[in-house]
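The structure's right below; bear with me while I get my questions together.
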Amino acid sequence: MSECAVKKVTETPPEEIERVKAWINTDEYKEKNFAREALVINPAHACQPLGAQMVATAFEGSLPFVHGSQGCASYFRSTFNRHYREPAAATCDAMTEDGAVFGGQNNLFEGLENAYALYQPKMIPVYTTCMPEVIGDDLTAFITNAKTKGHIPENLPTPYANTPSFNGTHINGYDSMMCAILKYLTEGQNVEGKCTGKLNLIPGFDGNTGNIREYKRLLEAMGIPYTVMADTSEVFDTPCDGTYKLYPGGTRLEDAAESINGKATIALQRYSTVNTMKWIEETYTGEKLVMPMPFGIQKTDEFLMKLSELFGKPIPAELKAERGRAVDAMTDAHQYLHGRKFAVAGDPDYLFGIVSFLLEMGAIPYHILCSRTTKKFEKEMKKLLETSPFGATSKIYINKDLWHLRSLLMTDPVDGIIGDTHAKWAARDAKIPLFRIGFPIIDRVNLHRSPVVGYQGTVNMLTMLANKFLDIKDETCEDQWFEMMR
Amino acid sequence: MSECAVKKVTETPPEEIERVKAWINTDEYKEKNFAREALVINPAHACQPLGAQMVATAFEGSLPFVHGSQGCASYFRSTFNRHYREPAAATCDAMTEDGAVFGGQNNLFEGLENAYALYQPKMIPVYTTCMPEVIGDDLTAFITNAKTKGHIPENLPTPYANTPSFNGTHINGYDSMMCAILKYLTEGQNVEGKCTGKLNLIPGFDGNTGNIREYKRLLEAMGIPYTVMADTSEVFDTPCDGTYKLYPGGTRLEDAAESINGKATIALQRYSTVNTMKWIEETYTGEKLVMPMPFGIQKTDEFLMKLSELFGKPIPAELKAERGRAVDAMTDAHQYLHGRKFAVAGDPDYLFGIVSFLLEMGAIPYHILCSRTTKKFEKEMKKLLETSPFGATSKIYINKDLWHLRSLLMTDPVDGIIGDTHAKWAARDAKIPLFRIGFPIIDRVNLHRSPVVGYQGTVNMLTMLANKFLDIKDETCEDQWFEMMR
Amino acid sequence: MSERKPIPGITTERTEKLIKDTLAGMPDKAQKKRAPHLGANEPTASSCAVKSNKKVVPGVMSQRGCAYAGAKGVVWGPIRDMVHVSHGPIGCGVYSWGTRRNLMQGTPGVSSFPLDFTSDFQERDIVYGGDKKLEKLLNEANQLFPLAKGFSVLSECPVGLIGDDINAVAKKMEAELGKLVVPCNCEGFRGVSQSLGHHISNDSIRDHIIGRFEFAEEIGPYDVALIGDYNIGGDVWAAKPILEEIGLNVKAVWTGDGEVEKIGATHQVKLNLIHCYRSMNYMCKVMEEKWNIPWLEYNFFGPTKIEASLRAIAARFDETIQKKAEAVIAKYQPVMQAVVDEYRPRLEGKTAMLFVGGLRPRHTIGAYEDLGIQITGAGYEFAHQDDYDRTSPEMAKGTLIYDDVSEFELEKFVEELKPDLVGSGIKEKYVFQKAGIPFRQMHSWDYSGPYHGYEGFRIFARDVDMAINSPTWKLVKSPF
Amino acid sequence: MSERKPIPGITTERTEKLIKDTLAGMPDKAQKKRAPHLGANEPTASSCAVKSNKKVVPGVMSQRGCAYAGAKGVVWGPIRDMVHVSHGPIGCGVYSWGTRRNLMQGTPGVSSFPLDFTSDFQERDIVYGGDKKLEKLLNEANQLFPLAKGFSVLSECPVGLIGDDINAVAKKMEAELGKLVVPCNCEGFRGVSQSLGHHISNDSIRDHIIGRFEFAEEIGPYDVALIGDYNIGGDVWAAKPILEEIGLNVKAVWTGDGEVEKIGATHQVKLNLIHCYRSMNYMCKVMEEKWNIPWLEYNFFGPTKIEASLRAIAARFDETIQKKAEAVIAKYQPVMQAVVDEYRPRLEGKTAMLFVGGLRPRHTIGAYEDLGIQITGAGYEFAHQDDYDRTSPEMAKGTLIYDDVSEFELEKFVEELKPDLVGSGIKEKYVFQKAGIPFRQMHSWDYSGPYHGYEGFRIFARDVDMAINSPTWKLVKSPF
């Protein structure tokens, strides 16, 4: 449009709207949509520092510290606030234009000094957002200077991670911050021949605090001493008892420091712990393992049997009975899920878990979508699908977003969608129920409190899925098909 | 119609159907409906022997035995099969016409002999259905004779209860059978000055095995030794592991026998344990208490504090934290239930529990309906309602059925209905969501596995209610009101 | 029907030994009573060897129900435009409310009545009798449900014991209300099983309903009635269209999704087609004797039986019908073949054991065989000799036949024969699933259906495959 | 507006001591920086004493957002018929997707665009620049969303640091696509808060949109524009009808449920009515200077302010409008009285503390007071001096004023003043709820709303009552 031209205000004709409304549901549109190269629409992933903050906040007395623009910190905090309906303390050094020019060292100095004075943290993990990453701040130097200049005590743990938002996703930020914190805390703690006898458990990026509690319950039932790193359950699922606690809990720093002398270390997510586990592999004593999240019966079996093997403890009868009850629920309800098609969107490790659960139920994980991941993911997911006839028709979509998913749902529909709240728009357009599993969930309550891992989590998912399908049947059937029993 | 008259087949005109369809939703119809004196339509209660069977089956090695028509036994069994999706063994002596003439003694003899020989039970609790009650069989004599005549061993426990279906409901049958079994097993077990140090817990008629497990979990957390009488959780929620067990578990007979020397006895339902607790009051040592089911925060507090007081054990921090997390869930979600109106139908003790939970949430238990109960219930419910401004508009309906409820829903609607599966017809007609809490639930899966008592149960109910309302909002709102967050 | 080829591993000897070993676990008296009810099949025998329709042996844990169940649950409940009163205490009506899946059209509570109506007897009713209450109750029901075409009064045990006279009340109220009021003395203690409830109900229909109505329109040469289809999971809706497609007019259905006045006019039809012989042969015989209406048994389970049945039915009519029947068969043949092609490869060579009411074990064999599944054992809850006679030829030699089998016996049988599927009722379902054995409820189609007709076979095949091939069974055995 | 009567217990001395004690907990430098931002209210003072719109003190845990948030979240996002591109890395767009509750009409993805559009910058884009990608992206967006009336390009931090020229790209693409393509350099590092994002966006509207369209229909004497209502929870839909009811034609809304072409033609209206002064006074002034369009601030929270506002608005027009305004006031007076009668008895004498963006603390005071609630403390995330000047007179003497308050300070203030309600944002919500203090999100109406207009007040009153009087608060303190 040239500057001078003045146009009349126009109204789009209704029939035009109807035409496009129909058009965006077509195969033709799907093709155009999948031809996108530059535009991303409704992605299902967030940026690195968010994941870093999840780790940074889940250690006892730890105050997450964002080196970068203040807006970033506010976005991370509110995202956690909405998902958990809990406080999410984090501070930042509020870099502005001058930071762009002179670098962020002064902001860091002042920020660390104030944060330490006001909130008396036991640890200040620092992670970056875009700005300092682009201008290339040297955090190692800055932080050392902050201590030598006395802005914060020398002995205050200040691990830091570079977490540029233009690289990877929140799960990579989780990985980097985890690795940084463990490196910092375990520095010089490795004692030849010493063994804590404990299991180090790294859950990976998981918005479900119920999962963390479930891991702990299982370990306690097994009589295995453990350190969960990082323990979000005591930070993002805290009591309302009349006093706000800035530092409600999390992994104790001593425990994290001792973890290097652990009897075994298990990561229950592969993709969010790559660097951490690589480093642990080199430095930690004891066994080191990366296992899939224990979704469904078999993955939970594997987890428990591995624990039993590592610690020479039998799996207690109570857990065996729990397994049997979960299987009972599955055999009793198989007919409500058998052959049902699902679209699944989320983080890589969650996707593996959900898919293996669906395959166990005889359901079909039909569209499997990860909006930012690697070819390796695609290969491994293929392997998993090949283990079951119910994976024969599945399709995997990597680096595709929820607007791609919408096209898939419209042109090749399914019975249910599993994903986080962001998938609700596609679900609504396709009139397909959305089962909220993942992160973030900002439109329902308490789902983060209900585990989806372990035998109990398996029953929870089964209940959620089967009963929703029964709800739909009862709500939509004609009178003559309405029945007392289902 | 006189025998001779032959009529033409008629079709009801559609407009006539439309007229009546509209009419049955009117206040006029409601009045006619409430004027009923003889006809009961869609009652929400069952008959005594069903309750008796729930008790009879929940002791270790116990084989429920119906003295009466075989059809009765099949009805009780299938009702439990459908609700729990579990086996429900029970046998009967299949009385027929000749039984009506000569009485049922021979059937009982043969039945006991075969049942004992085929199924080697540790105990055979006997309870009656209509027929023997009408003809007046003398069970005491019959059973003694069965033993003296050697049909079954003298030492086989054979408690029996008269459970006429034309008197009270399933909760009374539960009471009678419980009382009979405890009387039988504790006979002569009372040892002066002896104390097991244990709590005897009587849950009352409860179709939710998750509740029983929750009671046990709480007691274990408190470090209090206990005997649950009768423990349905190990009978109606058993593993699927490749072998069917006729006697999967239940309260051990020795434990029941020793219960008379318990440190304390608590019944968690008032209306289903009247006779049992009256008798226990007279015969058991230790404290005896009847407490409301621990629905919601305050009733759970009372339960735990009473336990703490009785056993001199502090309530552990973990339970206090659990309480705090439940309250947190409630404060976070109060806006989704505050001021919402509910219709609640069910057994008396469940109604008290559900109503107190709703009042705690600021929801309004608007129509409270019990299809067979006493004036005493009405009085006590009034008292409970008076404790909260949110009970000010509530109305209580006793000895009214689900067809009455339908009229209430149509003429004075609510936001939600809480009851068992039978309420689904009224719910559908009124287009109001039904939340399935109670017995039986035969059209959804696993709900009996999810506790509604204790702090955890409170969170479960809250989640079920709040998220359903949010589902409805998302499913029914226009595009312009559809949102990411709720 | 040619004799079945033998099933690998199933021999008369093995079966007889199994029976012997099983009986050995019982007290002598029980053994004597039960022995005649169990046998190895002899397809060529003139009549099946097993005894049936005898009293339940007390204490053995039979799966049987009672006369009331047979009357209310089976025959009466499905009649959609009547109010069916469970007369007596609260239980019977509640337990049988909506638990049989006899679906119906109409508006619930307005023109159809899938509700639980009961007199909820209390102590005083036992003492003073319930006739007055019944009168009042019928008045109330008539007021609140003005479009009901009539009322059935189904008595529960006490009624027959306290000397109430529901027949007198029914007669009086019928006159008063100007609507059918049908008494049915189906007290649960009568007879040995549901079966007598069917018979008593048939008699009530005979005495109080049939012949009292006639169709408004002219009777035609192709008018038939569909007898003994209770529309479980929509069976009637899958079966009736086929009969109509071959040119017949289905004037009345007994009693699935049934209308009482049409039932009352059934004496006008030209042929009665009966699916559930056990529960309704009585009325077919009555109509044959009284109105010379021939009747024909047919079987709509699985393409093989459907085709045979259609030809047999068509043979009772002229060429028009026969042509149409062949056309229908030809039309659905490829559709059915597609179903078989999809599922048979996953089911070929599997075996199943059946234990159901009075018809389905023999009637569904063909459908299982269409899917490549062989039946190694079958029995009935409440069948009679004529049912077993009809069963024998459908089963392979040496297969196991069991009548009114007890839980004790059936468990042992299944343990020995290790079928890939057990088809029986809800009381048996979880017993076998706990043992890791796939199961389908064959009374209620396990909340699925329809299973009748061409549409039904597609669903039946899907369900059987789902049950047998669900991956959940692989999880049953714990690796630790 | 007469001065507020003092609030029991609230004195200048106490407040100043509280501030002093609070500051005492901070490092000197931080104290010095923060002290000027805190003060005790002096209603009669010519200008509010507290400093504002200064840089966040690093490390204190401010609640502020960034320029991008002010641009994308506040100004641009609500324009429903444009595609708003979050240009840069993935995060900003995801976090601000659907989290502000600016509702809109239209068909999502067709005629309205409540979606997240982003260029999802990768390392290579940082290295080689993102202009090419932006071009391609706009082409793709135009293809997939043909009914979009234009595109806004909202740059995130990296864009401004790597020397991209989105203005050039926008200009090129606007010509190429024949549709508005509006660049907005709202990098998050610019300025001290969201506020600069508002200003930058206003400038973009000035430079790229306003004056480029005109209304198809004749301009009338009663044509107005509604400025600074973002339709949170449907506010516009509750406010606009009132203005129409008094006879005005609302030609454009900035920007809640807004349409870009109407915004572009707003220079034609007779009067601009501005609700959120903070975020849009810039454009009002531009239109005043360039097109002599007068503008008027108004307040649609609570009946008292609504009435005053309606009279002030009407006073700018002739008698017709004034009569209608009085009629509207009279019509709703009893309705509002009913609301007050229902809730005020339960809220009378309660106190609240507020901390919100740039307008609401002062604008909602009247609504709280209509319910009998007094405000003991108020402050803004990103307000300027003129906002505080407008606030002072609305608050009682000695009440606490805090600018860009840190979590550290606000906690101490609330602890001391013990309000019955805190009204602030999601980041503060759970902090106070853990302490057992009722809370309402006053940015997003806590997933409720609308709160504007008569309809809004009814909902506001219900929500405030619900928050303060929820029985759940009684459960917070454990009895053991």
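For reference, chains read A, B, C and D in written order, and residue numbers begin at 1 within each chain.
Please note the rule applied: a contact is a pair of C-beta atoms (placed from the backbone, for glycine too) under 8 Å apart; a residue touches a chain by one contact, two chains touch by 3 or more.
Because the structure is predicted, anything quoted here is derived from the model rather than measured.
Engineer: A-D versus B-D: which interface comes out with more C-beta contact pairs?
Structural biologist: Pair with the higher count of C-beta contacts: A-D.
Engineer: With chain centres defined as mean CA positions, report which chain is farthest from chain D.
Structural biologist: Ranked by distance of C-alpha centres from chain D, the top chain is C.
Engineer: Matching A-C on over half of contact pairs, by residue number: which of B-D, A-D or B-C?
Structural biologist: Answer for the repeat of A-C: B-D.
Engineer: Counting only Cα atoms for the centres, state how far chain A is from chain B in Å.
Structural biologist: The mean C-alpha positions of chain A and chain B differ by 41 Å.
Engineer: Taking each chain's centre as its mean C-alpha position, how far apart are chain A and chain D in Å?
Structural biologist: Taking the average C-alpha coordinate of chain A and of chain D, the gap between them is 32 Å.
Engineer: Roughly how far is chain B from chain D, going centre to centre by Cα mean, in whole Å?
Structural biologist: Computed from C-alpha means, the inter-chain centre distance equals 53 Å.
Engineer: Hey, how far is the Cα centre of chain C from the one of chain D, in Å?
Structural biologist: Once rounded, the distance between the two centres reads 69 Å.
Engineer: Check each residue of chain C and list the ones that touch at least two other chains.
Structural biologist: 97, 99, 107-108, 430, 433-434, 476, 478
Engineer: Hunt down the residues of chain B that sit against at least two other chains at once, touch-wise.
Structural biologist: As it turns out, chain B has residues touching two or more other chains at 82, 85-86, 238, 240-241, 320, 323-324, 327-328, 331-332, 422, 425, 442, 482-486.
Engineer: Between the chains shown, work out who touches whom and classify the graph as line, ring, star, complete or other.
Structural biologist: Graph shape here is other: it fits none of the named patterns.
Engineer: Flag every residue of chain D that touches chain A in the complex, lowest number first.
Structural biologist: Those in contact with chain A are residues 25-27, 29-30, 55-69, 85, 88-97, 99, 107-111, 114-123, 125-126, 133-134, 136-137, 140-141, 143-144, 146-147, 156-158, 160-162, 174-175, 178-180, 188-192, 194, 211-216, 259, 261-262, 264-265, 406-408, 411, 425-427, 429-436, 476-478.
Engineer: If we count contacts the way the header does, which residues on chain B are in touch with chain A in the complex?
Structural biologist: So the residues of chain B in touch with chain A come to 82, 85-86, 237-241, 320-321, 323-325, 327-329, 331-333, 336, 421-422, 424-425, 428, 442-447, 449-450, 459, 462-463, 466-467, 470, 474, 482-486.
Engineer: For chain B, which residues are in contact with chain D within the complex?
Structural biologist: Per the touch definition, chain B meets chain D at residues 297-298, 301, 304-305, 308, 315, 320, 323-324, 327-328, 330-332, 334-335, 338-339, 359-362, 388, 390, 479-486.
Engineer: Which of the residues in chain B come into contact with chain C in the complex?
Structural biologist: 1-2, 5-10, 12, 16-17, 20-21, 24, 29, 32-33, 36-43, 45-47, 49-50, 65, 68-72, 74-79, 81-82, 85-97, 99-100, 107-108, 110-119, 129-131, 134-135, 164-167, 169, 238, 240-245, 372, 403, 406, 422, 425, 429, 442
Engineer: For a test of understanding, state which residues of chain C touch chain A in their complex under the given definition.
Structural biologist: 97-99, 101, 103-108, 112, 234, 257, 430, 433-434, 444, 446-448, 462-463, 466-467, 469-473, 475-476, 478-480
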